[in-house]
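Shared chain: chain A. Partners: chain B in the first complex, chain C in the second.
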Partner chain A sequence: MKIIGEVILEDKDLMQEYKELGIDYPKFYKMDGLSRLGWLATEKLLQQVGTEVLDSERTCIIMASKNACLHNNRAFEATMKDHNNYFPSPALFVYTVPNIVTGEIAIEHKLYGETAFYELNNEDELEPIVKATMATGRFKNAIVGWVEEGSGAKLRLVNDN
Partner chain B sequence: MEQLEQELKARIIEALNLEEMTVEQIDSDAPLFGEGLGLDSIDSLELIMMLDKYYGIKLTDKTIAKQVLANVRTLAEYVNEHRTK
Partner chain C sequence: MVTILSDHIITPLADNVEGTLQAIRDGRSGMTRHTDVHGQSLMQPIMASLLDLTPYQQEGHTTFENLCIACARPAIERSGIDATSSRCVFILSTTKGDIWTPTATTARHIAQAFGNPTTPIVVNMACTSGVSAMLIASRMIEAGIYDYAVVIGCDIQIELVVSGFQCVHAVSDDECKPFDKNRQGLNIGEAAATMILTLSDERLTCNENRWCIMGGSVHNDANHISGPSRTGEGALRCLQDCLALVDKDTLACVSVHGTATDYNDEMESIALHRAELDDTPISALKGYFGHTMGAAGLLETIITMHTIEQGWIPACRGYEQQGTTYAVAVSQQERATDKKSFVKMLSGFGGVNSAIVVEATTNSQLAK
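Right, the complex of A and B next:
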């Protein structure tokens, strides 16, 4: 695999990062923390490498983290705790699975390869998954990396060379 | 009624996490869905929950819900007439 580009984004002042990107994407405001981080890091990566390098039919997205969308899940759980004031939030419910972030990215950039978000112990565990995925020969590119809410994201665009 | 409209705008911003948006930026007559604020189906569920939580209104009829959620003015009129809290 050849690394085409890499982005490291700290999970800090993401709203400011969003403004600096100069992209108008209102859905950003509604995203949970994990999706904001993964989406922003991907946008920065694609600004760096250019979207023209992507083969939309043969680009996959593989992300992972240890805690996934735990922050959002706790927030959603909090909306259900009081049985006398029981109002589970649909907007929070939407983000109670971590692969929403990979789906958001795929939809926005019309990437039709597979998407996956793994919950792993550490970044090293992601490497064999990416290698095995690329070894299938079905993908030309992959947006891959570690996205840990509260910490940061490290994403790479790799190709099959 | 204007005060209720302002209150609803603030609740919409809070419920839908429309950071960066202010009450003043929401036009009472602008469509909430499609154009205007550009809300989606999940947002409509969130607004229905908001009506139940703060005003004791249970919107279960789809046709009525569509009319009520047309814009902030229609929402305020409905809340004013049907609120139980």
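Right, the complex of A and C next:
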């Protein structure tokens, strides 16, 4: 595996980051915090390496996190805690699984390859998973990395070689 | 390719494979109407297949951890593997785990209960987690990173999930009807299922068949974060990858996701048709125990494996008449089969789809 590019993005002022990116993608506003973080970090990574590296069938997205969609789970729970003021939101419910972030990226770039999400203690634990996934020889490259809401994201583009 | 050394399941129908298979054969389901989910009251009652969790409420571990441990123990014992070895990894498939605790911590507690020193892996790919967990386990073993994997699929239901599926209008008031014209949605279910995997090797096999995971794949629809693709893009690609691994004439069935929601079953019928699997028997099991989320992939694979081994494909409980654009070979009657392979397929939020090929192999096949 060869690392082609790397992006580190702190989880702060994401709205400002979005504006600076210069991409008009209204879906960004609908995303939960984890998806915004992972999506923004991916866009920054792609600005670095160029979107032409993406292969609609053979680019893989592998992300991992410790707290996953904890923030959004809390937000969704708040909408149904009080049975007298009960308004569970379909839009929030969808984000109560963490792999949605990988789906957001696949949708934008029309990637039909593998999208995967793991819940781990730290980013080092993702290494053997990426290694085993790339060892299948099924993928040309992969967007891989750590996304932790409230902290930040660290993504890389790795090539099969 | 990896071999399934042993398995175990805990469902509302029985706390083992044999009892669950008998209940399926008898046409029983775990579904009852609930006004609460494990003591959490619900705004609207729900038809669901829930476990009696009392046996798992013991000190030292959470209920979820105890359920996983109780499900893994018999499988580990029967497999004969050394779970304390650093060559053995625990892989947990769950969508919620203990929701307010990082699932990596929960998985660590489960692995430690067996004296396992390695760092576990938690797969959370929504409803496809189970098949994806078997796939990453296979890949880790095939890459030589580990020799054995204890793969556990489990979810315990909570109000948050039930309310969520209610608010997206995905649940049926009655028992679910996969692929039926009058299907109204899914039933929430819960279960635990475990599988022990190792690299396929002819020395493992004696006279009897050994079930192996031949391979599989994960594909995104690249279409919508919650609704399945109208053209079944991801599921089609998964099926095509499976058909590159196995001749479709040797398939006993495709064990589909079959949640009994309008969109899922329709999407699967389109993907099956596009993959030219219209005549291959389709098995949909959620009429017996609902949608068990993180457990679904393992549970439904284990049940399909054992029923095929005994020469039968379960009836699709709840199905009466064709309710999808393309007719799929689903049946309300039990069917006989002498074939020894199948595809297990799942789809989920995030636009993700996954499928694997599972096949019974003999010594002579492995020697080739």
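What we mean here is this: the second predicted complex is superposed on the first by the 161 of 161 C-alpha atoms of A that agree within 3 Å, B and C clash if a C-alpha of one lies under 4 Å from a C-alpha of the other, contacts with A are read in each partner's own complex, and residues count from 1 in each chain.
Here, contacts are C-beta pairs under 8 Å (C-beta built on N, C-alpha and C of every residue); 3 or more make two chains touch, one makes a residue touch a chain.
Keep in mind it's a predicted model, so treat the numbers as computed, not measured.
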Joint occupancy of chain A by chain B and chain C, clash or fit: fit
Cα-centre angle that chain B and chain C span when viewed from chain A, reported as a multiple of 10 degrees: 90
First, second, both or neither for A:E125, with chain B first and chain C second: second
Which superposed partner A:I3 touches (first chain B, second chain C, both, neither): neither
Touching partner for A:M15 - first (chain B), second (chain C), both, neither: first
First (chain B), second (chain C), both or neither touched by A:N85: first
Broader residue contact with chain A after superposition on the shared chain, chain B or chain C: C
Touching partner for A:N73 - first (chain B), second (chain C), both, neither: second
Contacts of A:P26 with chain B and chain C, given as first, second, both or neither: first
Minimum distance between Cα atoms of chain B and chain C in the superposition (Å): 8
Residues of chain A that lie at the interface with chain B and also at the interface with chain C: 88-90, 94
Chain A contact footprint on chain C (complex, rising order): 41, 43, 95, 97, 99-100, 102-105, 108, 119, 121-126, 132, 136, 139-140, 142-143, 145, 159-161, 163-168, 217-226, 233-234, 237, 348-352
Chain B-touching residues of chain A, taken from the complex the two chains share: 15, 26, 29-30, 85, 87-91, 94
Chain A to chain C touching residues, read off their complex: 56-57, 61, 66-68, 70, 73, 76-77, 80, 83, 86, 88-90, 93-94, 96-100, 102-104, 106-107, 109-121, 125, 128-129, 131-133, 135-136, 138
For the chain B and chain A complex, residues of the former touching the latter: 15-20, 38, 42-43, 45-46, 49, 52-53
